[in-house]
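Structures incoming, each one as structure tokens.
Next come two complexes, and both contain subunit A; in the first it sits with subunit B, in the second with subunit C.
Now for the complex of A and B:
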């Protein structure tokens, strides 16, 4: 710890010096008598000052929680020295972490003992929030000298995004040959009735449709659609975002991605994530709860990275986009590179839908009349852009932050149902 | 000086010293640096359009080169929803549907302005055009 004089100490010593000089100048010993206690106090403090042996550690209840959720975090302060010390502890202060009490907390720690201070933490936004090391300031008994330093290590509090419960998901056009919940186009063992065909060698008796057999005079069997899983790739656009003081489109995009990942994994789909922006990150599709935690951890590190580098579909590794995968692009449609990417993916025959996180709520028109006209022009330009994407066969759902995602996904499914023949071509 | 005066002087001196002690600076609170909140840059799309609206006012060239393609794209999309296209729209119908000023800008085959220094489209005028587009 770094030692220094208390802010009062120079003042005390200055008073003592002034008294002594005044006593010498006036020849009156009474003034020296007044100054003497200050001199003794300051001198004794400096002579007796010893660096306190204070340690502190941050002990949160847990390191994973949901954004907006409260958490109690204890700061354990230990004094290993022979003298009691006054200790001030400053809590962590980060932009997206609300701390109560917010100011400095003072506590007296006895000799060779420890005490605990509790703080309440509440992450305002998803992400990894560093808590620690703790800023500690200790004073000697007389308060003449102070020592400041940082104690304890850094812990990362991981605040997971809040997720919406989704009843309906985007139905994939193609499925994978794994057991799942999507009705496949193929015909095999399953529940959904598909068709009737004549009996062939190898067919099981329980597949025989006796009514059709009686009508046609020959054995007929039922064909069914199997339930398969699908591959889903969540493509998050991190080139640019629209942000106001409270939140931004990236916040909403990550929440949407987490909701979609959970819902699709719950339906036994393989889910992967691509963070497409100034820096490129990806997570290959996989099944299960472990993948959900991997995805959420990957989403927490999503951030806008400014870059001039042009990226297109060739920048993506092939194994990230398995053949037949459903690609859900979550984007504010603000950057030409991401708009070009979704167009290229569709032109290559990918099964693609776009969830547009609307930036309009985060941006207000400028102060002048011309800015207001530009804002109207921007709205119309975005509308035309959506129309252009739809003309390519890309379903676009506009999602207003704060609203439910379900209706948007229903809109996507309605578009895909009407455009299905063209999409499968 | 009498004893009484000396006592009064010492008492006043004591009070002055006590006042000085009370006025001594208190320890500053412990400070942790808070990361600076990022600014809220406006989207590039919107900034570009604000610049376009501003430059389209005094410049017919800016209107032809930059504003016209954008308006054409927007109008085409709106007309497509009505089963119409700009290319096949008769001039009389175009003027009736879009208004004279907007039709003059987005009509197919519009020539490059002869007078490069001619005035362009003022924001108020452009706002009226956008209203006409919204009504389509």
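Now for the complex of A and C:
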């Protein structure tokens, strides 16, 4: 630990020195007598001061939790020295991690003993929040010297985004030949009735539709739609976000992505993630619970990275967007590059829908009348942008953070049902 | 504490009571300024002013000086430690007890030594140049010894910065064992 004089010590010594010199100069012994306790205090403090042997470590209850969830974190402070030490401890300093008690905690640790300080932590948003090392400041018993250092290692507290339960999901136009829950357009073994056709050699007897056979006078069999899975790619726009003091559109986008990923994986879809912004990250589509944890873990590192790079659809590796995959773009529609990307994807025939995370909650019109007009113009521009995207065949669901996502997805499905022939073209 | 010390002086200042009032007021202002600005320098200045106005007393100055010095030290200590602990979110009770106890003990020892010195001063010694020189040398030697001790151990002192733990400003990167998230080549 690095030792230094307490800021008070030079002042105390200066007072003692001034008193002694003034006593000599003026011939008034009272001044020397007044200065004597200061001299004794400073001298004793310096003579008695020893470097404390203090160690500290952070021990959180667990390292994974949901955003907004509380967690108790213990900081163990051990004094291996022969004298008691007064220790000030501060374990964390992150903007998005609420700590109680706020500020430092001052405790007295006895000789060769250990004490435990409990902090309550609550992540305000999802992400990986660093805890530790612990900043420790120790003082000698008179407070003449201070010793500062950092003790213990760093731990990452991973706060997962809170997820909404989604009953309705965007139905894909095309499915993959794996067992799932989506009714495929193809005809094969399945549950959903598709059509009736004349009996052919090889058809099973249980497929025969006896009513149709009686009506038509020849053997007729039922055809059915099989239940297949689909590939879903969640495209998160990290070029730009609207943010206020409390939250931003990226926070909501990640929560939405986590909710969608869980819901689609629960329906046996293959889900992948593309973090499309200043930096590009992706996870290829895969099935299962493991993939859910991979996705959530990958989402935690999502952040807005400022970049001038003009990225387009060619920046995406081909294997990230499998043929026939349903692409759900989660974007605030603020950056030209992300708007261009969704347009390009649609023009290449991708099955694409946009979940627009509305930035309006984070932007307020200015105080003047001109600001109000500018705000209204901006809203109109956004409405025009949505209309342009819809004219390209892209379903756009406007989602107000804080509200339910379900109605927005239902809106997307309604658009897609009405525009299906055009979308398949 | 400041009021008690100032009252001790003003009660016996007689003709110089206005000066004593002025000194006490200045000291109070300096102390308040130091507490508000979280700076020890005005607090030390207040202590110095209170020390100087002690000379305005008429009677029993020598006998009261050790106690007065101890009182000044205690006031200085309380003020500084209040500032030190102002940014602390939680303070254990034993910390305050130990600090106040240690300061009281030191002040008591200092005032005791000071009282012994006061008795020595009141002894009928002949005032001479040689004796004054010995006194001056002793004072300077004590002070130099302390300064050398400080320099050998710590070097020069800076102002104590607020205790800031290290760590990321807002968002830590994903851990190394995070799943395969492939960056664009």
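The criterion applied here is as follows: the second predicted complex is superposed on the first by the 410 of 425 C-alpha atoms of A that agree within 3 Å, B and C clash if a C-alpha of one lies under 4 Å from a C-alpha of the other, contacts with A are read in each partner's own complex, and residues count from 1 in each chain.
Rule of thumb we're sticking to: contacts are C-beta pairs under 8 Å (C-beta built on N, C-alpha and C of every residue); 3 or more make two chains touch, one makes a residue touch a chain.
Quick caveat: nothing in here was measured; it's all calculated off a predicted structure.
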When subunit B and subunit C are modelled together on subunit A, clash or fit: clash
Touching partner for A:102 - first (subunit B), second (subunit C), both, neither: second
Contacts of A:146 with subunit B and subunit C, given as first, second, both or neither: both
Subunit B versus subunit C as contact partner of A:380, first or second or both or neither: first
Which superposed partner A:245 touches (first subunit B, second subunit C, both, neither): first
Contacts of A:351 with subunit B and subunit C, given as first, second, both or neither: neither
First (subunit B), second (subunit C), both or neither touched by A:6: both
Contact breadth on subunit A, by residue count: subunit C or subunit B: C
Partner chain in contact with A:371 - subunit B first, subunit C second, else both or neither: first
First (subunit B), second (subunit C), both or neither touched by A:359: first
Which superposed partner A:388 touches (first subunit B, second subunit C, both, neither): first
Part of subunit B, among the options 23-31, 59-67, 95-103 or 113-121, whose backbone runs into subunit C after overlay: 23-31
Subunit B and subunit C contact sites that coincide on subunit A, given as residue numbers: 6-8, 11-12, 15, 19, 30-31, 34, 38, 88, 90-95, 103-104, 135, 137, 146, 148
Subunit A-touching residues of subunit C, taken from the complex the two chains share: 40-41, 43-44, 47-48, 51, 54-55, 61-62, 65-66, 68-70, 72-73, 76-77, 80-81, 84-85, 87-92, 94-95, 98-99, 102-103, 106-107, 109-111, 113-115, 117-118, 121, 132, 135-136, 139, 142-143, 145-147, 149-150, 153-155, 157-160, 163-175, 178-184
Subunit A residues within the subunit C interface of the complex: 3-21, 23-24, 28-47, 49, 84, 86, 88, 90-96, 101-108, 127-135, 137, 141-143, 145-146, 148, 150, 154, 156, 158, 279-283, 293-294, 297-298, 300-301, 303, 315, 317
Subunit A-facing residues of subunit B, complex: 6, 10, 13-14, 17, 20-21, 24-35, 37-38, 40-46, 49-50, 52-54, 57, 70, 73-74, 76-77, 80-81, 123-124, 126-127, 130, 133-134
Residues of subunit A touching subunit B in the complex: 6-8, 11-12, 15, 19, 30-31, 34, 38, 88-95, 103-104, 135-137, 139, 146, 148, 240, 242-245, 332, 334-335, 359, 362-363, 366, 369-378, 380-384, 387-388
